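Next up is a structure, given as structure tokens.
Read from first to last, the chains carry the letters A, B, C, D, E, F, G, H, I and J; within each, the first residue is number 1.
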Amino acid sequence: MYLTRLIYASSKTEHCTDKGIEGILAAAERNNPKYGLTGVLCFNRKHFLQCLEGPRDPINTLYQRISSDSRHSRVTLVEYCATEQRFFDQWAMKYVPDSKKMQTLAFRYSDCNDFDPYRMSAASALAFLQAVSSQ
Amino acid sequence: MYLTRLIYASSKTEHCTDKGIEGILAAAERNNPKYGLTGVLCFNRKHFLQCLEGPRDPINTLYQRISSDSRHSRVTLVEYCATEQRFFDQWAMKYVPDSKKMQTLAFRYSDCNDFDPYRMSAASALAFLQAVSSQ
Amino acid sequence: MYLTRLIYASSKTEHCTDKGIEGILAAAERNNPKYGLTGVLCFNRKHFLQCLEGPRDPINTLYQRISSDSRHSRVTLVEYCATEQRFFDQWAMKYVPDSKKMQTLAFRYSDCNDFDPYRMSAASALAFLQAVSSQ
Amino acid sequence: MYLTRLIYASSKTEHCTDKGIEGILAAAERNNPKYGLTGVLCFNRKHFLQCLEGPRDPINTLYQRISSDSRHSRVTLVEYCATEQRFFDQWAMKYVPDSKKMQTLAFRYSDCNDFDPYRMSAASALAFLQAVSSQ
Amino acid sequence: MYLTRLIYASSKTEHCTDKGIEGILAAAERNNPKYGLTGVLCFNRKHFLQCLEGPRDPINTLYQRISSDSRHSRVTLVEYCATEQRFFDQWAMKYVPDSKKMQTLAFRYSDCNDFDPYRMSAASALAFLQAVSSQ
Amino acid sequence: MYLTRLIYASSKTEHCTDKGIEGILAAAERNNPKYGLTGVLCFNRKHFLQCLEGPRDPINTLYQRISSDSRHSRVTLVEYCATEQRFFDQWAMKYVPDSKKMQTLAFRYSDCNDFDPYRMSAASALAFLQAVSSQ
Amino acid sequence: MYLTRLIYASSKTEHCTDKGIEGILAAAERNNPKYGLTGVLCFNRKHFLQCLEGPRDPINTLYQRISSDSRHSRVTLVEYCATEQRFFDQWAMKYVPDSKKMQTLAFRYSDCNDFDPYRMSAASALAFLQAVSSQ
Amino acid sequence: MYLTRLIYASSKTEHCTDKGIEGILAAAERNNPKYGLTGVLCFNRKHFLQCLEGPRDPINTLYQRISSDSRHSRVTLVEYCATEQRFFDQWAMKYVPDSKKMQTLAFRYSDCNDFDPYRMSAASALAFLQAVSSQ
Amino acid sequence: MYLTRLIYASSKTEHCTDKGIEGILAAAERNNPKYGLTGVLCFNRKHFLQCLEGPRDPINTLYQRISSDSRHSRVTLVEYCATEQRFFDQWAMKYVPDSKKMQTLAFRYSDCNDFDPYRMSAASALAFLQAVSSQ
Amino acid sequence: MYLTRLIYASSKTEHCTDKGIEGILAAAERNNPKYGLTGVLCFNRKHFLQCLEGPRDPINTLYQRISSDSRHSRVTLVEYCATEQRFFDQWAMKYVPDSKKMQTLAFRYSDCNDFDPYRMSAASALAFLQAVSSQ
């Protein structure tokens, strides 16, 4: 298991201000390239859906750090698997903020009016992330 | 089982006037968005074929209401399954009234001269609904 | 679609007394053979999981009657499909009341301590019903 | 088994004149639409290859009438199956008389210099009929 | 297509007396071995379900004779295909009259209380015939 | 995703004494049944390989607690997926201490002389855990 | 393509006396082991069905010699393919003369009353040869 | 087995002059159409690779004649199978003499610098023949 | 790629005496356990067929040492792949010397009278090694 | 097993100067065409990833020479298999030196910031080599 993909869903807590988001993205820019990590982070001011791609050890280390970060809670794995290729290799961490496009696609790939990543199957979540991060 | 699809066939009763159809569509516009439901409703003045997509609970609740609605009878499930993505996500309930196109496609996907959704397999019904609701 | 199988989950309401259960089973014995229906009904005093096998029309008619029966609520489809053969053809409606065996098997085929049929996939539900109704 | 497809091969007898062919096509135009039947009929003045699509009962009734029609003999089934969709839904009975194109395609899909539908597998026969009836 | 299997369903007419059945079986004993035909014939005094195995031409010739035999009507193909091996090679025509076992198995493989071969899929019909003709 | 399975590998730290192990097992006995969790824990005094089965939320909550437990480090996911059935449903947490059998099986399912769960594929790890916990 | 299997059918000519058969078997015993060839030869005094297993070159050389042997004619390939293992490795050339068992099995695997290997598909022929040469 | 394909490799002998090749092609033009045979013949002045398509009997008859033709030797089957359609139906026998294109393609589909059809798998040989005979 | 399997064939040289074989087996006993390697070595005094199972790096290191060992030549890979489980985990290197059983099995899984591992496909070689090393 | 593909990874040693690389490529130009070998060699001044395509024997001979070449070490097989067609047939040995494109693609197909062929699965390595050698 060399190249690994991990997708999780989580919920913003009150400790997460706009500064908090900036801090997350700054940390991702700072750390992810060092460890060969790439991915995408969706955020609609309520929930996060993040995909991490890269080596198995840094993915696990980072996931433990992320999953105990007080800026979100109910951190829940959606997919974890070996993979032949990255899908988000051009970004340390592509940030996808709330938008009409995101809402439209979230609705297509889930059973919810609002973006609720807890209610996406692994296949739906990956398809959603690929669609939402494409131009 | 998050995102769910339900397809059923039914037959108009005498209680269903033109007003009745308007009432159905108004109810769908009023209710479906509230519950994250989308779909398509075909009607040739004799039979209905409806697809409902969305969360499992509202689909079941609505199906029970619909199946006891006196405007139609012999309400019969054609398909019920989990699904990765919606096919009719742009409509609360796309309405497809009788037309030449509908007759042509109904004929291609069934063994009937007239549109008779009771005589479509689950695969034929879904293919028909996708074809008939496309531009 | 000749031979059809339908599985649903539901929850006992306060209107369902011991007599209520007896009434259900009596109705099943009275009606199901008339319509070529067979199946199994699991009940742990809280939830029902029922499988109905037989012709498509009576299955739909009965399901509409059952789904509006006040003795249970939150009636939710788990599986609906065509099938080559019946699995419960020896019973008008095999009744499986609460038992140690039922709890053990429910636990094996779901993520719950107690029997909660809403939390079984279609495949888990059918495997559970076959296991629990076998000698 | 709603939508059904039947393909058979047969051989013209001496009772089949040009008028005979006209009579066949007239009968097909007259009867097939009534029963929801569509199809294609290939004829090279020696052999017939016919595909019938539609409801199971009329297909069987018509096949019995056709198979005892004295204008041909050695009527032999090539394929009989349920199908999701019609391939010849635009024609009551598309007639494909002998032509260079028909000979070329018959040769590609069989082991014969001349069109001999007895020597086509079910898959070859369907592929041939689709090719020969396309523009 | 060398070895061929044909299964059909039909309904006894008033012209079919007990003598009629004897005549059918006598004809089968007399003719089928001559043409390399084997099979099984189920009869519950109302419907027939017959499987014919053997060479393609005699199967088609016999099917045309049988399908115009006035002792039954609504003769309807259930399956027609090439096959690697016979399943009923020990009998010119195994006769399976009505019995408790036949009813039990017919019920398992169809959606009917009574044996109704029109309501069996091709797979159900073959499985039923194998089960009912086994010791 | 109802029933979920998570497998991870980790390494004992110096903070993990014999008492530590007892504490882990006591916690598992105390907590896992409350949350519908079952599983197996292999330990060869150096590495852990643990499988957790049950509802998605408690599995994620417990995994976050476990992954920050100072008694082990380099906690690394091996598998995370939805599943139809539990394999270890008879145990709150079956404990498999070091033994000859464990060494033999670890060797069969990995490329290591000693039990090193970091070097097992997801399929090898599950096959190993099933073999080692069977009688 | 190392290990190769070739099956062919042919017809005895008048030049083939009993001595002829003995000569064939003597030749097979004499030559086949030299070239690593094994197989089975069925003969009902009218037709041959032979399977040759072994290296590609000797199989082709021998097949050319055999196919121009005047003791039979209409030599016709049934199967030619690479294979993982021999099925008749215990015999230079197992001889299976006419017998009740052979007739019964030939009938099961073909559409003929008598053993006619020209009318067996490749799969039927191999299944027949395995059945007929087993004890 | 109606439509059949046979591919073989062989080696030119000294008896094969330029006239010899002309004679082969003349024979093919003369005979193949009579028997419904089509195909392609590759020749690099050393080896032949030929594909024959058509009815089973003429293919076997011709193959026996060809395989005892003194203009080549080490005649070796590469593939023999039933097929749904011809690939070379526009030619009695398309002749592909040595060329740069042939060498390039032979190299892509084999492990040889020079065209050596003995060292092509059945799949490689067919892919090579399709590529080399396309415009 | 953790657990790896490598199979190769080779030929004894004159430098390989009986002592040579003893030396090989002694080296295998001495070294393989150190590196977690297991396997089987077949030898018929002419050819070797060896399977090595274990971690990827030692397999490659040992294969380089073995492939330049002067006791054999024409060392040729037969299979190299990742695998879920070892098949020969009970032996540092099971030695299978020439025997009747080995000859019989070599013949079944190859096109040769004598054991010639160069002429076994990867699948034949593994099946042969499993058969020959079983009791 | 005619056409064979072998992929390996290795690491440059200090003995490998720029001259060394030139020498490798000169040797490849000199030798590979003689033996029908083609392929691609990637080198980022630290690691090599090479694919060799061609006949089995020269591939094994060359691999033994290459794997004992002092210009690199830790030579490790990634894939070895039979194949229907070459992918790099236009080059004796296409050389792909370090470049931005190579880094981008290496990153997409592995878990590493830098090109590290030891951390590519067989499928990733082949996909990377095809992408990196395409125009």
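Simple rule for what comes next: a contact is a pair of C-beta atoms (placed from the backbone, for glycine too) under 8 Å apart; a residue touches a chain by one contact, two chains touch by 3 or more.
These numbers were taken from a predicted model, which means no experiment stands behind them.
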Path length in steps (a step moves to a chain that is touched) from chain C to chain G: 2
Identified repeat of the I-J interface (over half of residue pairs identical), from A-F, A-B or C-F: A-F
Superposition of chain E upon chain I: rotation angle, C-alpha, nearest 5 degrees: 145
Centroid-based (C-alpha) most distant chain relative to chain D: F
Centroid spacing, where centroids are CA-atom means, of chain G and chain H in whole angstrom: 27
Rounded Å distance, chain B centre to chain E centre (Cα mean): 40
Centroid distance [mean C-alpha coordinates] between chain F and chain E, Å: 58
Whole-Å gap separating chain B and chain G, where each centre is the average of the chain's CA atoms: 61
Residues within chain B bordering two or more other chains: 56, 121
Chains that touch, pairwise: A-B, A-F, A-J, B-C, B-D, C-E, C-F, D-E, D-H, E-G, F-I, G-H, G-I, H-J, I-J
Chain E-touching residues of chain C, taken from the complex the two chains share: 2-4, 33-34, 36, 38, 54-56, 82, 84-86, 89
Interface residues, chain A side, partner chain B - complex: 104, 107-113, 119-121, 123-124, 127
Chain E contact footprint on chain D (complex, rising order): 1, 6, 56-57, 60, 63-64, 67-68, 74-77, 79-80, 121-122
